[in-house]
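A short write-up of the structure that comes next.
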Amino acid sequence: MGEKPAVLVVGGGVSGIQASLDLASRGIKVYLVEKSPSIGGRMAQLDKTFPTMDCSMCILAPKMIECAHHPNVQLLTYSELREVKGSVGNFAVEVLKKPRYVDETKCTGCGICSEHCPSEVPNEFDMNLGIRKAIYMPFPQAVPRVMTVDKENCINCGLCEKVCGAQAVDLEQRAEEIELDVGSIILATGFDLFDPAGLPAYGYGRYKDVITSLELERLLCASGPTGGHLVRPSDGKMPKSVAFIQCVGSRDKRLGTAYCSSICCKYSIKDAVLIKEHIPDARVNIFYIDMRAFGRGFQDFVNRAKTEYGISFIRSSPGEITQDPAEKNLILWFEDIATNSVQKLNFDLVVLCPALLPSKGNEKLAELLGIEVDKYGFFKAPNLIANPVDTTVPGIFASGYCLGPKTGDIPDSITQGSATAARVAEVLAEAS
Amino acid sequence: MSKENRIGVFVCHCGVNIGSVVDVSSVVKFAETLPEVAYAEENMYLCSEAGLESIKDAIAKHGLNKVVIAACTPRTHEILLKEACQEAGINPYLLEIANIREQCSWVHLNEPKKATEKAKDIVRMAVEKVRLLEPLEEPEIGVNESVLVVGGGVSGLTAALSLANQDIDVFMIEKEADVGGVARTLNEVYPTFQKASDIVEPFIKAAKAHKKIKIFTSTTLKDIKGFAGNFHVTAQSEKNPIELDVGAIIVACGAWNYEPAKGMYQYGVHKGVVTHLELEKMLREGTLKKPERVVMIQCVGSRTGELWGYEIPSLVQSDAARLLTKLLAKKEEGWPHCSKICCMNSVKNAILIKKLYPEADVCILYSDLRTYKGYEDFYTNARDLEVRFIKYDLETPPKVVQGPKGKLNVTVYEPLAGREIDFISDLVVLATPLIPSKDGILLSRMLKVPLAPDGFFMEAHPKVKPVGVHSEGVFVVGTASGPRDIPESIASAKAAAAKVSTFISKRKLKTEGIIAAVDSDLCIGCGMCEELCPYGAAKIEENKSKITEVLCRGCGICAAECPKQAITMRHFTDKQILAQVRAALAG
Amino acid sequence: MEEETKIGVFICHCGVNIGGVVDVPKVTEYAKTLPNVAHAEHNLYTCSEAGLDSIKEAIKKLGLNRVIVASCTPRTHEPLFRSACKEAGLNPYLFEMANIREQCSWVHPREPERATKKAKDLVRMAVGRAKWLMPQTEPELEVKDTSLVIGAGVAGMTAALTLANQGFKVYLIEKEEEPGGIVRELYKLYPTLQDASEIVNPLIKAVKSHKKIELLTSTDVSDIGGYVGNFEVTVSGKKGERKLEVGTIIVACGALNYEPPEGLYQYGVFDRVITQQQLDNMLKKGKLEKPDRIVMIQCVGARKGEIRAYQLESFPKSDTAELLRKILKARKEEGWPYCSRICCMNAIKNAILVKSQYPDTDVVILYGDLRVYKEYEDFYTKSRENEVRFIRIMEEVPAEIGQAQGDKLKVVAYDMLVGQEVEFLADWVVLSTPLRPRKAEVLLARMLKVPISPDGFLMEAHLKLRPVDTSVDGVFLAGTASGPKDVSESIISAKAAAARAAILMANKKLKTEAITSVVDEELCIGCGLCEEICPYGAHKVVEGKSTVIEALCRGCGACSVECPQRAISMRHFGDQEILAQVEALLR
Amino acid sequence: MGKTGFEPRIIVFCCNWRAYVGADMAGTSRLQYSPNIRIIRVMCCGRMDPTFVLSAFSWGADGVMILGCHPGDCNYLKGNFMAERRIQFLRQALKHMGIEEERLKLDWVSASEGHKFAYLANEMVGKLEKLGPIKPRLEETVDAFRTERLRWVMGLAHMEPKIEKKRYFAKTGEIMRDEIERQTIIGKIKEKGPMTVRELSEATNIATDRILRHIIALRKVGTISEAGEKEDEYLYQVM
């Protein structure tokens, strides 16, 4: 169906994947640009999804594979948007394909190379808790199933070249500039996490056992660094007491992130429940300001967390975390609003639920595309209610968390993915 | 090794060499206590016929299947002993030699107890290794039947001719424009007073004429690759590069004549001071005007100077490199060895002068007069011609200064008279030694042949293997391995030629069984071995390393580096070496 | 299939992934010995270009009519190999895969022998199965490129327009006289506080004028038949019945506001106890004369009561109307268990509106959790700046409403922060009530065979991954039909639904699985058991014989197991094909 | 050995072509040196596998000498250079193991340098007498030099780094430390049975978080796995 102009989707998270598939399966050519080596985005990093407790990867992987196999989808992983000219109907786009140092057509993803690679690197996919090699696949289900050389950490020893049965490694590979003509652009660049080091009182980075929720996801995940054995990073002890702190950076005017990230309450409950399933006799406290488990299915979830799993919810935002020098346990100081008293509790592990921020590239991207961002740096919809997935430039749409917390969670992201697909189809229909 | 080991240990007294320091019988007793040792005995001289016989007998009698021999260094006797084992039906690679002479008794003469302890350890180490040894086959390689002779001097020519006459192809490389070497520049040679040319010219003619000999003049060696039986030689003549494949190499690059440092005995300052080489020239060309007196000084630049002029810790340079610098610096220090031929040479020239100008007074200042062999009467002959021989101490060498009327004034302390004597002399002739040649030193590096402390080629064994060196297929003749006069050079050349022909005629040559083996199950084809092997013996084929046996020299670099420890060195496996280490520390 | 079976087996080393453990050549040799195997080979990477080519070649050259690849999991690579077969002119369903990596080499790396044996078994099983494979074609069916949108609320209209704009014919039916739904009633919308009309009216105008949209008001769906691509819908309106043939259906029937039972918070007892909807209405009409204080109570009838799990699968069959009555009655009393998601913002919005009209009116919001999620935080802040008071009360202790002097109401609640009871005199008590499913929905569900979620809304195919799809192909959900949403969320979901529907219609054709059930008319007695148990309604008994609607059949095979006459067989997973595997393994 | 006073035990690896002959030369010239040394003949000092040296130490050697041909004289062209690079690399490892550098000596002895051989022997004995007996006995670290990862990096030491030197050596150093610590961990577990992170940390005085990191790495390659629990901590076993 060549007559329809192609579409560029930026960001290979679940939202971008959905948009791509919906467009592709109706005969529209899609270029899916993803900056990391594999599509999958944040959802791939999650252990389970609330409230159904589906294994995140299990339900995502088929979509990823479908995307990879779809004749109308061309994956441009490990690539970035360089330049965009033109307007709706005909954008001229330049994509920079970063060198993978591996021939995608030859690599079978067998992983022998990384087995032998001497250079170890903390795996960002595992939130740096796990370990990967300098030549690596970020996670076993990665799509495309192709290795990538991280030159930052590569010592250029060439062992990978030698052991690769398929002769796929090419350490001399160069970056590639790809020119694309597309009729419309969908942005699905997702989010980054607030770095809790910005709130020194919580001692993130200072105490190894103060971690972020995404780090926890990896620790809980069966395919994570510890194989799903929940241990605390400092000494591998099973945490018998865990605290969740909500709104770390969210709803915080000082930090200029006044909004509610709108997923933390829900996933905290999920994670709390998971922890109880891992370590039944663990004490889990969730410190919150408002328990925002909004929407269908969640109230029940909260109730079960309380009654079935005996997770206790404390309405308070803790002031400080200190460490008991002897036991290395963490002491959490907070004001119990129910009783109006300052109290302290000991914890083996403290999980911070950081605010979701616009992903780092957004500003640049917005500049590149000439679209506006809101005061938080999320892409701005011209009319919040009537055209929620449009941006301020016709023909360019946004989907998923890059629109800001408009998106609650995965279903929202997917719905928006489809919605943008519809918008694209509309404008292309108009255009043609 | 399914069959259990029965090790025989033989400890050698080597006369008193070992026995006088190491308590041999206690070593034997100790050996008997070692695991898998079925038999142990001591022997006065294992390398003697009797000794070898007793080894063979013991092997037969006690059903031994492995042997440890504690004696001298394997470098000299291993072959011999291996053969003995072989004759007794034991694979030569199941023999291990414990070196308790060079590396024990001889170096701990004053500590017999500790030396004995050490000897025991060494024996235990050998036993431990032997337990793990496995029989090896030695892959055979063809031998190239042509020979390279480096240097076209008398000895080179001799060797070349005698080989050619045995129908062996000979290539001769000479860096000068013509062959003949030093001998050509000589006048008459002692003791027969023949013209040197009368000796050399026939050789030259014969060699040039011989169809089996190909001579490359004005040609210098560039590089030598390969190994015994299959050397690949590249050389450079004025015009074109030359490539040769030969089975053996004869080094006949000769020696240099020491040229005194400027000012030494006024040499290079006063034209009346010359070396014998220069004197010979005058005599040959008859340019020597009648002198009133000629003073000859012996041992100029020889028998002086340190054996090694360096302090050990700071030593990084290779000896070859150091020799070169010394050589080119023309140090006053001179060379430590006695050049052996100077005395006769001086006597000869003295006689020649006397014959020419009987009135001329010829005195030879010497410290020891070493007219060895049958040259004594040659010496008396000179005395009869009233050549004066005056002794001086090496400690107080003669002094030479400008004398009246352009003559020279030589002062020497006469120890017998106990006083100084002055001579006014027209001519002062310095007897300077033969010293290693630059070419020799360079060649030694190309051939990886060690040099002796004095800088000459080092014979495999000064007595046992005078013309062989530490590298198979390479032979040294003439003055390359030390000062020799013409007859001696010729003799050595003939000897070498004989050795070479036998070496060549083997046609097939067994190479070391000590080569690398790859366990391809472990090999991941990383190519480290290929990268590091100095001989290109390791190659990656289908992601696995393959060793080309004839190329492998057994250095073991690959084994030491192999990331997967997939490479084992036959006869020097990790197991075997570690067993030795353990044994060494077991005591 | 009279022609003899010629099976080609291709075994993959997958580098060392398989080859490193399983003895691939052995397995290959073994494969050759198996019945019907005409060719067997092994490749380093069968999935590589070279590998695929060798498959194609073999098919053409040797006339293979079955192909087996023993390598990794079919889940990732089957499509690749299938297409290779296709290119070589072999029906892709004659291809079979043996998973000897994920399910063999990778899981038994330390037991090569047993792994090899297992690999052999797996190959043998595949061979056994391959013999019985039949060529299959994936049936295609027409998809009508017209769509039916049920409900002309914001969601419905948006969906309709989105499709129409893409050139699809859309029937938009609405049971009221006018399109617009709930939103038309509303005053202003959060967070922009723009008039609802600004959103609704343009949509209404658009749908009325759009030539691709046929708007049928005062119309109800009376019956739905057919299946994806070919639904037959009967609608009844003023102009009587009418049959529509559409390819897809979008359900946008919206939701209702929960009306509290009489007496809950004195609702219906005191007429100054009203719902947010009523307040909104008064504000709109400007009927609200200046009050001193308004107290709002959140979560009235929401987040309460138990969730009942209905037997969903049996649900379509049970008497819906009856069940429905029960549910709604029960719910009326105990309220709905879910959080309605929009009430907090809605309350805040109204509070702000009141404040903007009467700045000195005291507005108090009693809440348990304030769920102003997303960026509505600003909105929340704004209200506080307008001095709206938020009081967190203990949810377990609901506020009490009583009559006070005059027409004021007394509200007593327990303030968590102060930790004690607080009392207010209020002119109005406003209850925030949730959105709840409407009756029509459940009735529709029956016709559409779309299951209902435990809380009574229509259920998505997958809560996470397919939020606007339903388990019935061709039927999609827009707006509040699948649960509470605010206006923009409804619009998004409507567009999403439109997108999903458009995919089907744009392709005009729908390829369905070839792996479906087939009925043997001879054997079928039309007992209808298959119809009973088929989860997708793919079986219909027509004239005493069961027929399969391939478009609906997903190939689960339940029917073929249950069929008492064994008249139903499955394509590609027939009894023989499966038994052959078992047999191959065990015999 | 039942002797009074400290008798350092020294293993000397001699290359077959020069050093060994040099040692013989010392004998031929009757040069006396102290009998604490035990010579092991290898074809070339390039054959020296670090595990030989480390084994020697772990089995009680107080010093190890490796003697080869002078640079440029190697019978195998470059074996001695290789040995040198390798030994440099090995020295770093010794640091991690707390073994004094002087205990390992690499030097060149040509066939004619009997003097030098004797000198070196005595010098070494002198040094070691000062140093006294060797303290650590780390069999495990020998295994570190059996690991592919470390050996490969060692092999690389012979080639010019293709990346910026500083980064390169930082990396290789880190790899060495990792492998040594990991083998130590494995060794300890093999010796003592399943252990917890904390127990391991106490037994090896490696920080708990490093231990955990190693366990994560070893777990990934299936070397180590959980083996039940022990007061709120996982026990780890070697597969």
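A, B, C and D label the chains in the order they appear, each numbered from 1.
As a working rule, contacts are C-beta pairs under 8 Å (C-beta built on N, C-alpha and C of every residue); 3 or more make two chains touch, one makes a residue touch a chain.
Please read these numbers as outputs of a predicted model, since none were measured by experiment.
More C-beta pairs touch across one of B-D and A-D than the other; that pair is B-D. Averaging Cα coordinates per chain places chain B and chain D 36 Å apart.
Centres computed as Cα averages put chain B at a distance of 93 Å from chain C. The mean-CA centres of chain A and chain D are about 45 angstrom from one another, to the nearest whole unit. Note: centroid distance chain C to chain D, computed from Cα atoms, is 65 Å.
Looking at chain A, residues 116, 159, 165 sit in touch with two or more other chains.
In chain C, no position touches at least two other chains.
The set of chain D residues touching two or more other chains comprises 148-149, 152. In this structure, the chains touch in the following pairs: A-B, A-C, A-D, B-D.
For chain B in complex with chain A, the touching residues are 524-527, 540, 543. The part of chain A that touches chain C in the complex is made up of residues 22, 25-27, 49, 51-52, 54, 59-60, 63, 65, 69, 106, 108, 110-112, 145, 164-166, 251, 258-260, 262, 290-300, 315, 337-340, 374, 376, 383-389, 404-406, 408, 410-412, 414-423, 425-426, 429-430.
Of all the residues in chain D, the ones that touch chain A in their complex are 148-149, 152-153, 156, 161-163, 167-168, 171-172, 175, 178, 196-198, 201, 208-209, 211-213, 215-217, 219-221, 226, 229, 232-234.
In the complex of the two chains, the chain A residues touching chain B come out as 116, 159, 162-163, 165. Here chain C touches chain A in the complex through residues 13-17, 44-45, 47-48, 75-76, 79, 162, 165-167, 189, 191-192, 194, 199, 202, 302-303, 307, 337-339, 341, 344, 369-378, 381, 416-417, 419, 453, 455, 457, 460, 462-468, 483-484, 487-489, 491-493, 495-500, 502-503, 506-507, going by the rule given at the top.
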